[in-house]
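Two complexes follow with chain A in common, the first pairing it with chain B and the second with chain C.
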Partner chain A sequence: MNEQTPVLDVEDMTVTYRTEKGPLDTVRKVNFKICAGEIYGLVGESGSGKTTLAHAVVRYLPANGFLRSGRILLSGTDLMSLSKMEMREIWGSRISMVHQDPSSSINPAIQIGEQIAEVARAHLGFSRKEARVKAIEMLNKVHMPDPEAVARRYAHQLSGGMLQRVLIATALTTNPELLIMDEPTTALDVTTEAVILDLIKDLMEEYNTAVLYITHNLGVVARISNQVGVLYAGEIMEEGSIAQVFKNKLHPYTRGLLGCVPRVDANKKDVSLKAIPGYIPRPDNLPRGCIFAPRCELVEKACTVERPPLAKAEEGHLTACRRFEELKKIGDVVADTRAGGTKEDKLGNLVLEARNIKKYFTAAGGLSAFWQRGRSVIKAVDDISIRMRRSFTMGIVGESGCGKTTLARCLIGLEEATSGEIELEGELLPYSVAKRPPEILKKMQMVFQNPDASLNPQHPAGSSVARPLILLRNLSRKEVGDKVKELFQAVNLPEEFIERLPHELSGGEKQRVAIARAFAADPALMICDEPISSLDVSVQASLMNLLVDLQESRETSYLFISHDLAAVRHLSDWIAVVYLGRLWEIGSAEDVFVPPYHPYTEALLSAIPIPDPDVKQETIRLKGSVPSTMDIPSGCRFHTRCPRKIGAICEQQEPPWQQHGNYHQIRCHIPIEELLEKQGEGLLKKMPVEGVIN
Partner chain B sequence: MEDGKNMIRQAGVSSLSKLQPAFRRLLRYPMTLIGFAIVFFFIFIAIFGPALVPYQYTEQNLPNKLQPPSEEYIFGTDQFGRDIFSRVIVGSRDVLMVAGSGTVMAVFFGMLLGLVSGYRGGWLDEVIMRLMDVILSIPPLLLAMVILFSLGPSRLNVIIVVGFLYIPMVARVVRSVVLDLKTRQFVEAARLRGEGRFYILFREILPNIMPHLAVEASMRFSYSIFLVASLGFLGLGVQPPSPDWGLMVGEARTWFYQARWVLFFPAGAIALLVVGVGFMSDGLRRMLLPGGVSNE
Partner chain C sequence: MYRYLLRRFAFILLTLFLASLIIFTATQFLPGDVAQIILGQFATETAVENLREELGLNRPLHIQYLNWAGGFIRGDWGTSLVSRTPVRPIVLERLGNSAMLAVMALLIYVPLGIVLGVIAALKRDKLPDQLISGVSMAFVGLPEFVSGLLLIAFLAIGLTWFPANSSINPDTTFREAFPYLVLPAITVSLTGLGYITRMTRSGTIDVLRMDYVRAADLKGLPAWQVLIRHVLRNSLLPTVTVVAMGIGWLLGGLIVTETVYGYPGLGRLIVYGIQRQDLPLIQASSMIIVAIYTFSNLVADILYGLLNPRIRVGE
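Showing the complex of A and B:
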């Protein structure tokens, strides 16, 4: 493969932006090659310059950006020497791009088929009729169910996963030499992501396309690509084949990133995550020596003097670390084992008990709801019961739209439950937060998903934390001031941040302030609704560690909602699996992650992208997307997508709860013994367990 | 690119507390600067002008009626021999005062209605907004004329009419911003710690509406100037011998062919002020709400 001319050959590329403060080199001296049929994974945190790099490669920079040096060859054609018109010819025909957000990449006013056909007409010179045929052929290629019908639909009628298929189909219509994919699965559910990744992999083999695959997710890279480049602050830190980079990491940054990802076979009791300290440097303020030196564990004096180049460490494996020889000797990152070792599993006092919670929405709002009463009801949460104990974490997992968030919002009172009972420390609660007295509000707080929206942009960070102290704990002015300082310390933020406005904080810092605010009331129960999902891996790791530490010192219970199963596994003692508003499996975290599983749990687990190319996961893929909550399937709600459906019984009867061991229940028609037999060793058994103390 | 995105994202959180970079953005658009200059110029002459004018605005000098601009009367004189320059200068006070007060009234009540309507929702929202629709559905000049005929023309009544007519537009804008803000998680966090409605509306939500309100107010102001001038022109506003610009234009119609300056200067003043406020309003929008009218 090395003999042929690479499809994309980038040499010494430096991308510069003209800014008010002078020119900024956001990507510096980057070299890489991608051959036909190869998927090159480019990983990096936000701000590392991934997108800039991708746009520079196709000469699609904003007006203030330009290439200061370097060459870009597309199968031997020097792209830099081409005019804008000639580039336009190449865009779409020889280079295609698939973006992160499928809904904004498709024109909502044009039929799907027409959009694909348009590409065929513009670049392949097809007639209207030929183009139409081609569009349907392409939709078939991406395994679109019923392509003829889909071709006539509009963007809003398709799910996110289907739209992403449409985009891939559009991109491949002209059979381009180079395909650039910028986080194509980030906005999707794990289950859908797994399906799309399989599809990309198959198609690339068939079309023999060179792919530049950009992502922040190491698990995705491990699953999909052949070659990987690790980008940090605009420079490539390490490059090599998947096996080389993941098995034999020769740069401390790569090791750091992998150390941040929670393992699916261990949790907070066994290990704590290793977060990378500090922040990614800004391009106008780069350290003199190695750009990673200020955050590196292995830094020594020589590292800060001269910037080490990306150099060959072994055949096909490059690293920008001076001390890679030593790294080889040190071996793999050993996760920190937690002080005190395994905590004893005793059941604490009951904090919250929710019985038969239901939340139904009517589809229309305002006055029109009045006319349409009882017509279309959305059953977002349909009869869920859970119990939570002191100093204990309940993880809730499921695809988006399955009712996780609605359940949490009903418990805390932001949505009024339709029926059911919520009991907090023995006291029955009113449904609405407005009707709950301060003593109850104090006991239950929440950390929200989006750090940008969870703090008032006009209020300094400290005042957001002070309000609950004043309202719920009746402290004096002086006590409030001290307490705010104490809370900022508890979430590891410097005192100066008390005066800062949210826009002066990074996403992770904002989330820390939000955590401090929630803890200000000293709650017995905290609801965490995807609190880390929108953050970088290294920030995620430090926040997870923070949550674990706070739980330990304050004995708070968490209800932790996430679609990231590895994070849930790491933080939770108990896991509940939700699908279409109901629980299907509940049990201790250890039990839920080993067989027997509910078939839905099994599918979720097999979809987790694990950043280790050696782990062979069973491929269980779900068909289609979550059915509408307005039209819930009869019998077992999962039967329409279940890979283990046994027959008519699944369609007709509601499955019974089955007990397995003391702490594990599954709701399925298949007997436990049979599930155990079919699922065998389980999906994740082949994980190496080095560095984990059980 | 990502840096650019960050910049946009940060700017997207519109806020009055970030005027510094906003001001720098302002300097990039000369039109905005011109707009602000014009508006400040008129405010200046409204405050100090009357003390500096060469003649009393009511001072009649019949032998010198309808004189063209000259050294003595730089804008010429009208049909009673009054100095048009002095009248235009003194008239700026009326226009700014009446249009300004009307705008303040519209913005204040519109804001309250928008806040309540957006935050409470439900039937109250429905009732308030349909009432607003009713007001909007009648041509403004017609409605203003009907009200002024029944109330009688006076300065105060013009203010009330202007305020009343523009309440719905302000209320609509505020409501739409509230609808977006009230689902933000900082508002939910406030509810979770038991904040009252007043605190949430006025301390959590209102400060985030201020930029929208400022832009909306400047737009309403330019509309108000027009409306006040139109009402003056129709004789429904401030009554003679007040030097109201609209009134002056109305009176000048009769003499237009003999003495164009009688019409030209007050009309020019109206046009200049409206254009200036328009530029300023555009500039405010760019400064305070970068990235689109709707903020997100």
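Showing the complex of A and C:
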């Protein structure tokens, strides 16, 4: 296909770490090529060796890591033959790298412009002055508003999206042949992610750079890359063009990953997600045959005998599955139709009603709060009302900093609301959790984002789960023991995990313990604040299934907060869209995901990375980032970024709530009919229906 | 930044006020009556009573406090009960001596501690690190009277490079005092060095792990540039605080070292005052030490702010 020398040619690369248990091959016999102007997406879950692979390519491995075999050619230069000093000359000039967390990848003590300029000085031989001009030119290239001013700022003064632009600008300063990006958008909001992905795509076309793009997000790969390699436990399982891999899916692992991603046009009532059973094997304990065999549905005896090589299945499409011919015939099994089918919707009893919740913070803390009182007020939550019924899930979506978490913390009482009423099963609650009696605490529980921080590292998993039983339910010792066992069973954890300490558990297992603990009190309402965001897709899928099953058997209500709209769509009956402390749209999940949308919802939906290259989403991109909650725009709070702003009215008047259908409400100045007309069929309609029906 | 400074300054005044209250109250609880101490055991009741009246000791406590504090602010720090001379010149002279020793010690242990700490961090868990960390911790634990006596034995008596006794005269200049300062400064440095080394080591290790250091490496900057501009710039921040806090200790807390070498510093002055129940002397020198502590902390915070844009520039 391509006759030119590839920019990056990795041949038969094996990366080994020296450990106490002996050498461990974390990446094995990997081959791939990237040509100029091509974006190669490398997908894998955590532990698959993505980052090791990237660091091996640039020879930036930790002291105990080395290349056991293989060659790395950069436009014909054999990188393995170069000294450390020679590598330093290649870093930043011929290969640049952009890492995951932009806020930690920029030195907090050095001005932004200088951090770009130093690259120009080191590699292009520029003088101080020339380098400064170059830095501003590069900031312009990444569409940075007001580049001269930004060049003089420090990292803490910029948002995550802006910082990622700075890193991209830095990386492109020398016009490198190869750009390696390691999860560059993972730490960003969906809306920002979409903008950055567009930017990367445009710039790569302009600069004709070869890109190695590493991510765990299949949707992002589908959106940005031309070629894709699926990495599993240090080996490439499938490789090909985007269309080949996403449509033909000639490896069960690829199929598994895609099955884990919730769809934006169906939810828990229609389908259950297909989680991949088991765990990624560790490099010191690899199965003898195919490394995916223990988790594979299509496994047969021959798979476990010999490891299948990565072989050609069709032109340009490689797979490491020996049964790919059969896979071609089997067709898609993306998701299971849910047993029992669609359940009848009936309104359960009211569990929680929150009316006009407000939470204001004063900006200054300590003594100065005295004389600054009333001046700089942060309106984190500003007049939000929601109602929740039994066995019902309310999803709350919005960008970070819009007040989702504060709202949840007010409801549970970790944060004292400034005003408003919170009623649980008809009983008015005190604002502070400290003032709520145990019977109330029992009824409301919370699962936090980071299970590492919410489980006591010194206590075995079982005792974390036992605590609410003892404190809130007054059970005897024996009853507690039985109940803990039962809860572990309910969250699908083996009984022997009761005695384990958190550090002996994986991220997904820890979150299961946290869920078991929340259910220990037998709550009527559970608040889940991004409970699956930090986990791998396959783990996310199994946790979502678990939440659905538990809800069904225990009739619990969930308040589910997430920035992952597909997950919210899957789990929620009802969705509330929050921006700058207020609700802008609320309705059933089905209604919110089809027009009419609030323009903000529309932008959020258009930003979802969908793992299907055939879905051509309309690109509605928001400008800038969420305004400061200290300085909330007048009129409609969204007018500063709204792509559908109609005029002065948006700046001056608070928009009214408009009703569409029975329960769907939108707060916008644009009349519903007009929204319907403008938004047409909607953003996600072109999604081909597959697998679900029949 | 200005508002920040203003606020910090207000806090210093508050700290000094509270400290003066505590010092004044504490000295009230010292055993014995001041007038009695001045006049001696055999003074008559009336003579004692007259002196009490004269010194204002019969007035209510808050009036006494205000008189003392007011005088202190105006520069009238009272008269020493023992020497019957004004306290201020005595304290200031000792403060000058302590400052000379402090400067000398800082010049030795700060640069050395930073260099050793950085080396230890770069060679983490290898031989150089183990050596540096082990030895510097051993010195922290070694009492000054031991290290001081050992230094005297080897460098003063054995090799006769430096004088063993550092009891310099008043009004000695830094140049004249230099040979007398070397041994006490080394003694103090042995203790101070460990803290600086440890702080620098842990700060540098933390920063070396940061993503932005990896990013700087992968920008292809020369290794020394990564170390100085990207690592040390951030990793020395906690060290700055330790250095500044050390200033208070150097000026007021070197009682043992000053005693071993007979060096006339502020620390020994307080001990002397306490032994003789010289209240004005105790009060004045304690206030000075408190003031030095608070101001050196302010200097540390300002330096910290200057080096750290998050504080300097604000959000």
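Note that the second predicted complex is superposed on the first by the 690 of 694 C-alpha atoms of A that agree within 3 Å, B and C clash if a C-alpha of one lies under 4 Å from a C-alpha of the other, contacts with A are read in each partner's own complex, and residues count from 1 in each chain.
Please note the rule applied: a contact is a pair of C-beta atoms (placed from the backbone, for glycine too) under 8 Å apart; a residue touches a chain by one contact, two chains touch by 3 or more.
Model, not experiment: these values are computed from the prediction.
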* Please work out whether A:467 is in contact with chain B alone, chain C alone, both, or neither, and reply first, second, both or neither. => first
* Which partner does A:17 contact after superposing on A: first (chain B), second (chain C), both, neither? -> first
* A:47 contacts which: chain B (first), chain C (second), both, neither? -> first
* Classify the contacts of A:157 with the two partner chains as first (chain B alone), second (chain C alone), both, or neither. => second
* **chain B versus chain C, judged by how many residues of chain A each one touches** => B
* If you stack the two complexes on chain A, which partner ends up touching A:450: first (chain B), second (chain C), both, or neither? -> first
* First (chain B), second (chain C), both or neither touched by A:109 -> second
* To do: May I ask you to decide whether A:101 touches chain B, chain C, both, or neither, giving the answer as first, second, both or neither?
  => second
* Can A:66 be said to touch chain B (first), chain C (second), both, or neither? -> neither
* Going by the contact rule at the top, pick out the chain B residues touching chain A in the complex. => 1-4, 6, 9-10, 13, 15, 17-18, 122-123, 125-126, 184-186, 188-195, 204, 207-208
* Residues on chain A engaged by chain C in the complex (per definition of touch) -> 58, 60, 88-93, 96-97, 99-101, 104-110, 118-119, 122-123, 153-154, 156-157, 167, 170, 368
* **Residue ranges of chain C in contact with chain A within the complex** => 7, 210-212, 214-223, 225, 229-230, 233-234, 307-310, 313, 315
* **chain A - residues contacting chain B, complex** => 17, 19, 24, 26, 46-47, 49-52, 55, 61-62, 64-65, 283, 366-367, 412-414, 433-434, 436, 438, 441, 444-446, 448-450, 452-459, 464, 467-468, 471-472, 501-503, 514, 517-518, 521
